[in-house]
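The next part holds the structures, each set out as structure tokens.
Shared between the two complexes below is chain A, which pairs with chain B and chain C, respectively.
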Partner chain A sequence: MGTCEVTLESLPRYPEGKEILTCIQCGACSGTCPYGEVMDYPPRRMIAMMRAGMLEKVFTSDSLLACVACYACMAKCPRGIRLTEILLPLMKEQTLTHLPELPGELQKALQNTLRYGNPMGEPSRKRAAWVKTAGVPIRILAEDPRPADALWFVECYTSFYPRGQDNSRATARLFHRLGIDFAILGNEEKCAGECGRLTWEPGLFETLMDYNMAVFQKYRFNRLVTSCPHAHNAFKNRYPALGFNWGLEHTTPFLAKYLDRLKPLLARKLDCTVTYHDSCCLGRQNEFYEAPRQLLQAIPGVKLVEMVHNRMNAICCGGGGGGMWLDTYFKAKGYERLSERRVREAVATGADVLAVSCPYEVSRFEDALKVAGYDKQMVVRDVTELLAEAMED
Partner chain B sequence: MRTGVYVCHCGTNIAGTIDVHALIGYAGSLPGVALAREYKYMCSDPGQELIRQDICDYKLDRVVVAACSPHLHEKTFRQAVEQAGLNPFYCHMVNLREHDSWVHADKPAATEKAMDLVRAAVRRVKWHVPLERRQVPVHAEVLVVGGGIAGIDAALTLANAGKHVYLVEREPTIGGHMAQFDKTFPTLDCAACILTPKMTAVKAHRNITLWTYSEVRQVEGYVGNYSVTVRRKPRYVIEKLCVGCLECIQACVYKQAKVPDPFNLGLSKRKPVYIPFPQAVPQVVAIDPETCIEFKSGKCKKTCVEVCAERNAIDFKQQAEIQTIQVGAIILATGFDVFDGARIPYYGYGLYPNVYTALEIERLVNASGPTGGEVVLRDGRKPASVGIVHCVGSRDLHTNRYCSRVCCMYSLKLAHLIKEKTGADVYNFYIDIRAPGKAFEEFYNRVAEEGVVFVRGKAADVYPAGNGDGRLIVQAEDTLLGMIRKIPVDMVVLATGLEPRADANDVRRLFNIGCSGDGFFLERHPKLAPVNTFADGIFLAGCCQGPKDIPDTVAQSGAAAAQALALIDAGVVELEPNTAHVLEDACSGCKTCLPLCPYSAISFVEEKKARINEVLCKGCGTCVAACPSGSIRQNLFEDEEIFEEIDGLLASAAVGGGPVRIQGDL
Partner chain C sequence: MHILVLLKMVPDVVEELEIAPGGKALDLEYLRMILSESDDHALEEALVLKERHDARITVLALDAPEVDDALFTALAKGADRAIKIVGMDAGLSTRQAARVFSQTIAHEPGILPVDLILTGVQAIDDLDGLIAPLVADDMGLPYLGIITRLDLDAPKHLALAVKEYPGAVRGEFEVNLPAVLGMQAAEKPPRYVPVAKVRATMKSRTVDCLPVPTLADGGWPAVQVVEMRRNEPAGHAEMLEGAPTQVSERLCGILAEHGLL
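Right after this comes the complex of A and B.
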């Protein structure tokens, strides 16, 4: 079954729908939801309304817009109800169609993604422009279509956004030094589309899936590596319905597999205290908790400390499920920014580096540190950036 | 051949899915069938009488009963057939209910399958030969494994009936988890006050051989005739000579106790020479070789030996002792493990010092516990507010799906005790309060009246308040208010559930019994044989079978004792004749079968032939299938019987010429 086709009407016929009937209304979902306090209908209440046949009321509230698709409710549900995977996106879709108008920032991002293949609205012909600054050769398949071991799916923020490009340059240098046979799609690449799905736009998502699959099929490679946990999610859970059957890795766990070869390269001592923020998609959704920590601990001079909420209990940066483009909307509603809640925990550890594994988080946390006045005492770095920094002679 | 076929409706269990009229019409037309009948409840007295009468009136020589599982009623129908003068093994059952009507929804297809199954049975049963059951004497002794309240109670009941009991306990004392509890719900009587008299009664009983610090290593034999090997671990103290004066503990070169005390769950320390708790039975110390200086360096002053003086009870050279006993029945009362709270990372157990498990609080409120009964935090402060988190490791597919049954009630009890001792505000974070026992609901009412607060919602997170006051926040949705609550508390108590023992699987294999999906030992029938197992002569008592409270445990241990008594008091046990036997003329002596037998029932005899001890053989058929020369046969599973049954089952496929159709288990 491709869960893409499930609708609210057809849901009761699927096992995922039957699970919802087993809800014991314990409220663990709402209790752990980072926006549980501000929602009129947090997940438990939403299920109760659904079972009472009163969903219309839920749709006319904008509650579900606050769902940042962080998987926290799903991770703690004692009945294993697939809230983030199935139910919440369906609810969100209905909520958005009931809204008098779509929040402007979100509307713009979705339009951009459809038109340019990235939410920032950057021209697609400049997608590979960063490659020239990498300092190491990067093969673009359109120019040199020989088979590659790893197809590196760079993704949007890491292609266009300057701080995202830092991550890409670091990744390229690491791949190069490790002798990995890799290539990228360059300007042919478009957003994997996971954000589109979770922000209710299934049509947009399917367009992007069809496009990317057609590009993949032009080339020969063994596995796909991406530094974006959201893209990883899409390739893992959605693309297989369209025939995606290549190996799939996220950069961080991928690099952790090369730890033995990487360690001798990490010659430079960094002397810093690092706390690691578990990305929701990489952590709760894929349980890659230890790989990023192993990498960080392999860096000389790094002292790793933990935030109060870590691993499966980590607090979301607020960027998932479309939250990346709802900051203005949330602010107007008076919601606390989750990235600010998170950096306060990070600062409380006494660390001077907040390490991340998701391209959304760099900009979100750097911004939050500035707003909360902590930008002098803490910096945000992707794990790959730290590794590359430690590798430089 | 004059076969009678009897089809049971089992109410609507069978008749609701299978067209019974069509089935008997079909059965009556089969070759060799003299008559076919249906009846609403074949197992009822009139149902059985019908069969008996038909055997006499119609001179039936074979009977096929198409009804439920042979597990339930094979005995019933064999007995009915026997009463009418036929050999009971001329009767064969077809499992229409479990194999057909309960597992299919398509009625015509289910009816067709029923016809196939009945035809197979009719063709098989004509090959049946008369068989005799064997009787063997039973040993009158009983082994009870586990010395918690379940084992203690079962042992005492049997001993009082005049039977000799071996009570084997792994720890240095009996008492089990109950000895760690303070008060018991809902009556609040002191656990020690009601348990210790039973513990001393065990020690004093002339019919009980008590082996503590001992473990069962090997079990051989069969119902009525088990041979059990027990390893008595060295406690480095000669039990007969130790008088329990405890002077050695006083005299130990360790002036301060340094080793975490498992009885107090590490909340206090003990010395390398110790007695688990003041009322331990037997009142005999033990020495822990892991921490004793003499074991580590061999250079201790041995002040313990000095003070023991002419009693001379300490023996650093003591070795494990192996004992082999013969028993007729075994009662397993191996208890439970407490769920490890650290497995749920977001409750902070093991991370935040003021997060406790309920069992730790039992020790804190207990007058003989590490704080002398004071409920205090690790830094000695009295808590002003306490959160009790329910369902930790229960009702959750990430840990255990089942309800642990006792946590609601012990949480209410602890709420009462904590409030009584500290005056703290006590919050219960619960999903449902399950208070279904005698006087339980009344107790819930009483605790609510005392001002204990109930927040209906599963605790979602426990984390430090972050303002430096050392408090913890328990975050949960109060589902009745429809709002998220963040309640600051000084102490969090995790109402941890009950789990199968970590080594339950090893124990299960040792005794050759089964376990249910949750890992607890499996009873023979959930309603009608709740203390029996699928291994005859082995019975279950207490939490090894599933979580239960003390009254239920004691009721079950009484039932297990009664079952064991019924078995050994009969003096003999009848063995089913479905065993394997070697056709000695055909046996080539290749020994293939010998290592395959799970029951060690096959031996190799002088004349270079395999021989099967029919008393040990359980009729599993492994050797029969493995024998390369086909010289091992098995009663009730002779080749002719099996092949005829298969041919019968597939006959409709052969006739129709279509593809072979196999539905369900054969």
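Right after this comes the complex of A and C.
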């Protein structure tokens, strides 16, 4: 089903829509939803309201603002209903036009992404400024358009956010030491569009998709590697409708494929206990559970411990589905921030490092550690940062 | 009730600004233009008034890069007509821009009668906030600026406006219409319009183009830019480093040196 042209009205005509109508109302989706308890209409009730022709009430509530697109409802559904991929994005799209007022943070992020190609509203002409601090050569295709094996799609937080840039510098060093023929788009790159329609705005997503596809077609490369699981999701599930047919990798599983070449390079012992947070997009959506753990266990001196909720049961950081730009709204509503719930689990393992594979998570968990008072006993590191730290120059 | 909203594009200061060779203007090659923030609030207030009263909204803008996006967005939000004034030189002064607006409103058929003219109280290239009072003066209409709340008494043909003054003082005014009002802030933030709706508006609606008017007095009141340059830092902050006791001792010392302790 080409989801871009599907509407809520036409949904029941598609097999996936008919499948939603077969919901047995077991409530597993609502029970597993991390914000299910605060929604007027948790996922089970949303489906019931859809079948009763009463969706208008759902759109004018703020239930869908609390959907962080974590794929938990979809992963747990005994009927295999693709809630997160199909129904929730369509309902979010309607909520966007029905809500009397969009929360300011989310509105600003959407406007910034349209205008500057990143949600933070940073200057588009400074997207590649971090490259000068990488310490290794990084080829920008606009300056040197020779074909590259891997096009590294850096993405927004890893281009602009200072702690995200640490991830980029680490990735660049790893690629360089592994001898990967890579290049980036530099200032030509714009946000991939998050998870597409999951972030409310199909028109915005299609604008970004049109733009990025036109840029891709200017250059020759074999595969696209991205540091952002949300971008990976968009490229995997949405961009093929516009002809995206390159190989696709996220940096973490991509690096795991080079484990044999990587291991001899990891000569520095880190001596730390690490717990790994499964990103929703990499984990539940793509089942990349073992690759990050294999990489962490390859680092000398790393002891890996697991949180109570791990792999398929991992609790979302709260940043997906637009949640990244709704923290103030959640706070005002009195909701517990999911990132705070998650770091409490992480601290309970006794680990001193919380390892992640998504650029959203670094800022979310570092803030949560400070808020919860654990910032002296635990640090947050991307898997690539730990690998680069263990790699002697 | 016919509400006219005057829109102006201003340099987008998120993107780095460069000064053109010659040192008297911004380098247009690197410049991106964006709708002036307080004009966006003027449009939002007009949309709120339209929802509350039976009003029709015309938006009138000076031609500039990216102005079409702003005008189609205004149509998608609920404006009834969008007009772009074309054919003038780039880089009009505030007085020139005000004259172009007022002469276009007065002489182009189909714009008047207007009951209310709203625009931003100031812009980053009009910090004195002169556009609205100059338009009002040229048209012989009353002007009130720094408006933060607005409603209409349509039967009495009055605008009910709250104007802000320094020191947290507010004044409530009844303004005879027609009038020109300079908006500081709409009663709620400018609304979001989905990109798909703007795209659809671009396909289904049009922006009317009007030529820049020939001014009756035959000349442009002009302000000459003598020099444009970047601000130079005059000093730097001193970062206090060390243990909390050392930092607090040093901080107390600095405050004492300045007679504050």
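We take it that the second predicted complex is superposed on the first by the 389 of 393 C-alpha atoms of A that agree within 3 Å, B and C clash if a C-alpha of one lies under 4 Å from a C-alpha of the other, contacts with A are read in each partner's own complex, and residues count from 1 in each chain.
Here is the rule we use: contacts are C-beta pairs under 8 Å (C-beta built on N, C-alpha and C of every residue); 3 or more make two chains touch, one makes a residue touch a chain.
From a predicted model like this one, the values you see are computed outputs, not experimental measurements.
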Clash or fit: chain B against chain C, after overlaying the two structures on chain A? fit
Determine, under the contact definition given at the top, whether A:297 touches first (chain B), second (chain C), both, or neither. neither
Using the superposed model, determine the angle chain B, chain A, chain C defined by their C-alpha centres, to the nearest 10 degrees. 140
Return first, second, both or neither, reflecting whether A:187 touches chain B, chain C, both chains, or no partner chain. neither
Tell me the contact category for A:123 with respect to chain B and chain C: first, second, both or neither. second
For A:104, select first, second, both or neither according to whether it touches chain B, chain C, the two together, or no partner. second
Once the structures are superposed on A, label A:94 by its partner contacts, choosing first (chain B), second (chain C), both or neither. neither
A:273 in the overlay: touching chain B, chain C, both, or neither? Say first, second, both or neither. neither
Is A:203 touching the first partner chain B, the second partner chain C, both, or neither of them? second
Can you work out, in whole Å, how close the C-alpha atoms of chain B and chain C get once everything is superposed? 33
Footprint overlap on chain A, where chain B in one structure and chain C in the other make contact: none
Touching chain B in the complex: which residues of chain A? 24-32, 36-37, 42, 44-45, 76, 78-80, 308-309, 311-313, 348
Note which residues of chain C are touching chain A in the complex, please. 12, 14-16, 30, 34, 188-189, 191-192, 194-199
What residues on chain B touch chain A, complex-wise? 345-346, 391, 395-398, 431-432, 456-461, 463-464, 466, 475-479, 482-484
Residue numbers of chain A touching chain C in their complex, please. 93, 96-97, 101-102, 104, 107, 110-111, 114-116, 121-126, 201-204, 206-207
